[in-house]
Amino acid sequence: MKTFKRGGVHPEENKLSENQPIEVLSVPKRVTILLGQNLGANSKPVVNKRDKVKVGQLIAKGEAFISANLHSPVSGTVLKIDDVPDQVGHNKAAIVIDVDGDEWVEGIVRSSEIAKDIKLSKEEIVKKIQEMGVVGLGGAAFPTHIKLMVPEGKVPNVLIINGVECEPYLTADHRLMLEKGEELLIGISILMKGLGVSKAIIGIENNKADAIHLLKELANNFLGIEVQSLKVKYPQGGEKQLIKALINREVPSGKLPLDVGCVVSNVGTAFAVYEAVQKNKPLIERVVSVTGKSVKKPSNLLVRIGTPISDLIGKVEGLPEDTGKIIGGGPMMGKTLISMNAAVVKGTSGILVMRENESSRIAVKDCIRCAKCVSVCPMGLSPYLLAIYGEQERYEDAGLEDVMDCIECGSCHYICPSGRPLLDYLRVDKVRVGEIMRNR
Amino acid sequence: MAKKESTFLNMVLTLLIITGLSSLALSGVFELTKGPIAKARKEKKERAIKAVLPEFDTMLLKMVMPETGKDSLEFITAYEDSLWVGTAISTYTYKGYSGLIKLMVGLLPDGCIERIAVLEQKETPGLGTKIADEKFKHQFIGKDPAKYILKVKKDGGDVDAITAATISSRAYCEAVQRAYDAFKRDGGNK
Amino acid sequence: MPISKDAITHPGIIHEVGSERIYVKILSQSACSACHAKGACSVSDLEEKLIDVKIPSGKSYNVGDMVTVGMEKSLGSKAVLLGYFIPFLILLFVLITMLAISDNELLSGMLAIGLLIPYYLILYLLKDKLQKTFEFRIKE
Amino acid sequence: MDYIIIFIGAIFVSNIVLAQFLGICPFLGVSGKVSTSLGMGGAVLFVMTLATMVTWIIQKYVLDPFDIGFLQTISFILVIAALVQMVEIILKKVSPPLYQALGIFLPLITTNCAVLGVAILTIQKEHILMEAVVFAIANAIGFTLALVIFAGIREHLDLMNVPKGMRGVPIALISAGILALAFMGFANLV
Amino acid sequence: MSLLKISGSPHVHGDNSVKGVMYGVLYAMIPAILASIYFFGLDSLKVMLVSVVACLLFEYLIQKYLIKGEVTITDGSALITGVLLAFNVPSNLPVFVIIVGAFVSIVIAKMSFGGLGKNIFNPALVGRVFLLMSFPVEMTSWPIPKPLFSGKVLDAITGPTPLGILKEGLDAGKSVSELSQQLPDYITELLGNHGGSLGEVSAIALLIGAAYLLFRKIITWHIPTSYLGSVIIFSGILWLINPELYINPLFHLVTGGMILGVFFMATDMVTTPMSPKGMIIFGLGAGIITMLIRIWGAYPEGVSFAILIMNAFVPLIDKGFKPKRFGERIKNG
Amino acid sequence: MSQKKNFTKGFLKENPVFVLLLGLCPALGVTTSAFNGLGMGLATTFVLVMSNIVVSLVKSSIPDKVRIPSFIVIIASFVTIVELTMQGYLPDLYEQLGLFIPLIVVNCLVLGRAEAFASKNTLKSSVIDGLGMGLGFAMALTILGGVRELLGNGAIFGWKFIEGDGILVFILSPGAFIVFGYLVALLNKINKTT
Amino acid sequence: MSDVIIYSVITIAALGTVSAMILFFVAQQFKVIENPKIDDVEEVLPGANCGGCGYAGCRNFAEAIVKTNTLEGMNCPPGGTKVMDNVASIMGMTAEVQAPLVAVMRCSGSKANAPAKVQYDGPETCFFAHNLSAAESGCPYGCLGLADCVRACKFDAMYMDEETGLPVIIEENCVACGACVEACPRDIIELRKVGPKSKRIFVSCINEEKGGVAKKHCSVACIGCWKCEKECKFDAITIENNLAYIDFNKCTLCRKCVVVCPTNAIHELNFKPRKPKPEKKTLENEVKTDAKVVVESEKTEGKPLAKIEDEATDNDNNKE
């Protein structure tokens, strides 16, 4: 069974919602679209306060090189364009729209009929994807069209589709693969065409046997698409690890997957690409797992971007009594939410509700040099040392110890018997080292 | 007073004067202490000789080369009223725990050990240094090395080694044996 | 200069600014550098050295500025090699050969020491080359 | 074989720093960085060898023949001080950049204590010239070994949150003590 | 509902804890504890109790009154130090001496550095070597085992350890084959019915514990393997050169503190390198130094010294042998 | 600084051994007993005071650039005088202290004081300074030797009041480092609180 | 006997001469380039090596002064004017007069004023907490209370008040080195003029949210209501992004704004206590907890925030 070699951990999987079909969440009363949803520069609003907008209408344009278009996920009136608290409570620029009906812009194909033929050319595909504001749905929300614009001198030869979903609890990708298998494969074919490669590998962890089975079967009808099952190991979904596991190439420090001839995209992204190219539909909704041990009805919901998180919680019969933590994302990489008023963004793959007794960290002690963190770090770093450097503010040293290679997977903190907040300090290191490097 | 300039001549002169003066002073002190130093050395040796031999009035020095070992041994033959009362032998071994151990072994004309004194040793304090303790030295008194095997019991000899300092004890025996062998080879008397 | 694993750096103060080079004064610290008492014992161990550095293009400096001069660490080792280790080897080699062919310790010893002179002469002749090798760079 | 004994003895068995207590000041003072302490070792190697050779020659061909051994201390220290300075001057004259490179890389070598100590010790041990040189080399290596190990330990301790009262010199000394304890395992290893 | 928590990721934690690790080691030591009680009787129990109690007490006092921090004596590490210290001394050691050893281990070698995780040298071994140097007589008179139910209740007859017999004999110029009559056979050595420190005599009991440690992944294979490997190679070569002067590798493996040291003390993660490569270097170094001391040094046993000396090298090893970074090697194709 | 303070500073606040960490080699090397420590301390004090006297007398007639070599010669002379005198009158102690007597020459304490103090101050304060520092040094060595002797041998100044051997390590080299380490920590604490 | 003397003298004199020559060359090569003034200047510097001057340490600062032979732009914040005067007299120049500054804490979001709505569970550093989310109170501008500033202060001029969870500046110790300003990830601390008799008035809030939102996080937030701006006759107060700011160069310390502020966001330090008069605007408990903060930093028995009574007496102290 394939997997990446170095490091990794295996937390309890807890895929509570894996058998829940994707449900469509009803359109909320008001949506909040952050202008900085994706990696890169903020998008520039192209609507004004009190403007009427329709579903799918362009409301902000990605003008910088790395940025993406935003489209209205609802129809209604622009209430304001102002700073509002994001998921963690910092004020960020956003467009707030009051919903009013469900009127779609023309040209969006809303039927669920599968459109197989890829009519657009390579260039048109990239342009379409850019137009439709498709960004990566695997977490970082990196604008997908940029990945397809291969710079001079680099030759991709394989597309890797990330169906790993190695985060415990989350099942959105799993459900998508089961329910939209064919669309997904068409999306992959589009991406292959856009990228100009003839081969794609879908990596799926072994705990999603049904998805592997289904996609393998469907893939027989598609040229050059291969499904590969992988041993369950976190953080296999990290692109560097996935590339290593699937095609045994190591992306060098500071380099991109493209430097070893591949591009990685999430399955959700592939589906979004399908909708964008075949159905002319911008990225205005995504699948979000709402889950947790105390959640009465763990679900996978198809929600409009900008929906308040409280709506999602409401759908699963409310916040349980003993909630100690609400996390946007999975338990290993997700961010704790400061309130439920914030909105779903393109990168939100799940909302995890943790019980009070699960949500405290264990008491922090001094490092006992057990080397567990060293052995689980998939990047071959020395987290214990980097954390001490962080604590002692020795950022230059941290930089020399390659702290910038850290993918923030959290395996080190997960395993540390002393409960040291290793990743927290590593993040401080990374920000500070970044500052130092920029000052040079 | 103004400081002297650092010219070449000044510097050399100053140093010459200082070194000249200091070496004059030193040689003066050397001359003064020469006597006491020599006396101290001699006294130390005499004390050791007296400690290992019976009463005597005259002594005679000579060097004897032992069969084993690099350096010759010093023999001090002692006479009381021109009568040979014994020989003190300054012997050594390099097999101590920290190398060199020097002993003064007093032998009676019949070859029996009169007494032994430790002249020099660098053994571990509290362990090897016990070779200078009465308790250890006592067992050699009056023994004739011809019959009394100068080896620690562990090696099949008659000597009770100091606990946890077998190495030193062994070395001690070796040094005594060396003195005795040289004494025998030298003919035992004079 | 990017963060480099192999650089040794030393803070210093600009002492003089020339047309192409600046002279940076560094404090070379002796064994006692970590000692609290270096104030009490300012023997000859706190010493200042002037280092000359080429001015990077497009920068200007003023006397009194704090700068950091740096050099690849491997160069430091190279300097130790040239300055100390090779003469040491010469010393040893000459001594051993001399003692092997003659029994005269005085002669062998003196010769071994004496042969250091040609070594340093050679170094002297290679001056220009060394100048190029041991080039300092300036940070910030 | 003798050379090997001298060599191993000086490095491990009676390490100059850990057992002989020479050069403690730089040992505690400089040993901050591993890379520089290695470089410093190279410098000490040369200086110590050179100084030992010169002082040996002075002892053997000046002090001994004229029977002025009591001037050992004063003449050795003068020679060593001058020698260390001379090396610096020569280096500076010969190649300023090289000299600068050393300056930035190494702290000055003021390990007079160790250099003088080794020079005197080798005379005390009555070494011949080659033995003296080997002794000097071995001690320089022993010094470097201690310095490098210790630089590592110091760097490591910097990472640890050592209790306030013990931070710095006290804990360094205790580590040195334990290191000396461990090195005692090499006892008699020749 | 109390306040929601906010924190950085990850939000879940593996089920490992310092306590868990430490108590794992204690469980692993149970067979050896039982074996020592069996062979050395209640004396051994006494030594262990005194040592453990003293270690815990010293740690408690220091944490409470000098460091004035959290008291963590329940984390098990002082307990391990106590047991291991006891394992490394003869069963007839006077109580005073044991207490001095515990003091050295805990106060000097551990708490002076700040406690668990910060010490550079293995505390139990520092204690042991300190005692060996300070009380050579007491520390080198080994009671002959008087198995618990064997009936003979002889009082403290002391005798040499197998390594001691070998060393003494070789020093006195005897050959290995002459000496092997005096040496216990391998079965005895494995079981432990011979003179020696409390915990080192029964190789079997220790190996059972070691297997448990490896199984629970408390220790990794790197150090034991490279340690034992270098011992085998080193002694093997000498043995092949002259079997009359140098005894066979097997003897070296099963005698003295080898098994105890290799599996329980050289693996103390606090005082050993962090990267696998570093661990292998550590093991190699320790193996070589052990054999140097055993064969040519003054002491019959060199495991403690070897581990302590390598402890001193750990910072350098950590510097020189970093874990292998991901992506250093570019492999395309 | 008042003369009194000048004299007493060497004992606690600026103790040359425990605080300034000067002259550590003899401090560790010879202190196997209180008596040895005291002997070494007094020998050093003698050299210190005498060279301070001479240096402060001749300070103005020495050109700056040969200051250090001149001082070295002066100090070395006094060291040799101590050496010779001890050999003659205290041969046993001389043997015990061995190598460390000539090494007084390189003791940074001596040179440092000559250079930093005596070469700038009057004869009187130089003497007081030398005496204070020297006695501080002697005190430190005596304490260190005393503690080591007590622990290692159960005795103080050779007066044995505990039967048996003591804890040997303390008179061996590791004991020197360890005892010294704790004494430095202790003195830091005392100096901080007073 | 005399042989020994002759040999000794010859040997040592010869060695001495050789050393002298060598050292002569040394002396020539290593001319001391140090200006003795550097030592003198260093002597009068506080020796804190705080870096407030912009140089790595006091000695570097001294060197820079001596080297450049100017005092322009040179200031030692810890030492203040006194030290710079001393330096100037060593250098034979006059020091620039620099108005003394002191750090002020511009957040009053104490545990009581801005109760926690979530609980932070992570390392004790503001920098990390700031990057992770808004404060426990929800205020994305407010103090995180994890003491980065206190740790940065080398002069024991700050401590954390356990009760309020806010750092407190001890004016007497503060040397305005700016380390805390640098350390705070939220730019809460500001260096302001000490003011006559240490009297200062400033807005103790930096929240730029709309009044209602700000008020939800914290009861003493500046809500940008313009009342103070209107009250101030000296144009010292500007309001931008819903936040008032008092320019300390224009403020005449009349204290009128303090009273009109509906949330007590404007703080006055080191004024004589006003005559207590019944309060009408704010909630009782808020005032009390707020008072705590003020008293802490004032170290006086101040009864804060009542009506204007004695502003006129302070009015003439404002020129400097």
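Letters are used for the chains, namely A, B, C, D, E, F and G, taken in the order the chains are written, and counting of residues starts over at 1 for each.
Please note the rule applied: contacts are C-beta pairs under 8 Å (C-beta built on N, C-alpha and C of every residue); 3 or more make two chains touch, one makes a residue touch a chain.
Note that the structure is a prediction, hence the values are computed from the model and not measured.
> Give the chains in contact with both chain D and chain G, ordered by label.
Correct list: A, B, C, E, F.
> Looking at B-G and B-E, which pair shares more C-beta contacts?
Here the pair linked by more C-beta pairs in contact is B-G.
> Taking each chain's centre as the mean of its CA atoms, which one is most distant from chain A?
Using the mean of the C-alpha atoms as each chain's centre, the farthest one from chain A is B.
> Using the average of all C-alpha atoms in each chain as its centre, how far is it in Å between chain A and chain D?
Those two chain centres are 60 Å apart.
> Give, as an integer number of Å, the spacing between the C-alpha centres of chain G and chain C.
Using C-alpha averages as centres, the distance is 43 Å.
> Just give me the whole-number Å value for how far the CA centre of chain A lies from that of chain C.
Result: the chain centres lie 54 Å from each other.
> Taking the mean of the CA coordinates per chain, how far is chain A from chain E in Å?
Using C-alpha averages as centres, the distance is 49 Å.
> In chain A, which residues are in touch with two or more of the other chains?
Residues 88, 335-336, 338, 360-361, 366, 385, 421, 424, 427 of chain A each touch two or more of the other chains.
> Mind pulling the residue numbers of chain B that touch at least two other chains?
Within chain B, the residues that touch at least two other chains are 6, 11, 14-15, 18-19, 22-23, 26-27, 30, 97, 127, 167.
> Quick one: which residues in chain D touch 2 or more of the other chains?
Only 25, 28, 68, 70-71, 74, 78, 81-82, 93, 161, 165-166, 170-171, 174, 178, 181, 184, 187-188 qualify.
> Give every residue of chain D touching chain A within the complex, in rising order.
Residue list for chain D touching chain A: 159, 161.
> If we count contacts the way the header does, which residues on chain D are in touch with chain C in the complex?
25-26, 28-30, 32, 35-36, 38-39, 42-43, 45-47, 49-50, 53-54, 56-57, 60-61, 90-91, 93-111, 128-130, 133, 137
> In their complex, what parts of chain A are in touch with chain E?
6, 9, 11-12, 88, 168, 240, 244, 248-253, 255, 260-261, 321-327, 329, 331-338, 352, 354, 356, 358-362, 365-372, 374-375, 377-382, 384-385, 401-402, 405, 408, 410-411, 413-415, 417-419, 421, 423-424, 427
> Can you list the residues on chain A that touch chain G in the complex?
Residues of chain A touching chain G: 83, 85, 88-91, 335-336, 338-339, 360-361, 391, 421, 424-425, 427-428, 431.
> Give every residue of chain E touching chain G within the complex, in rising order.
2-8
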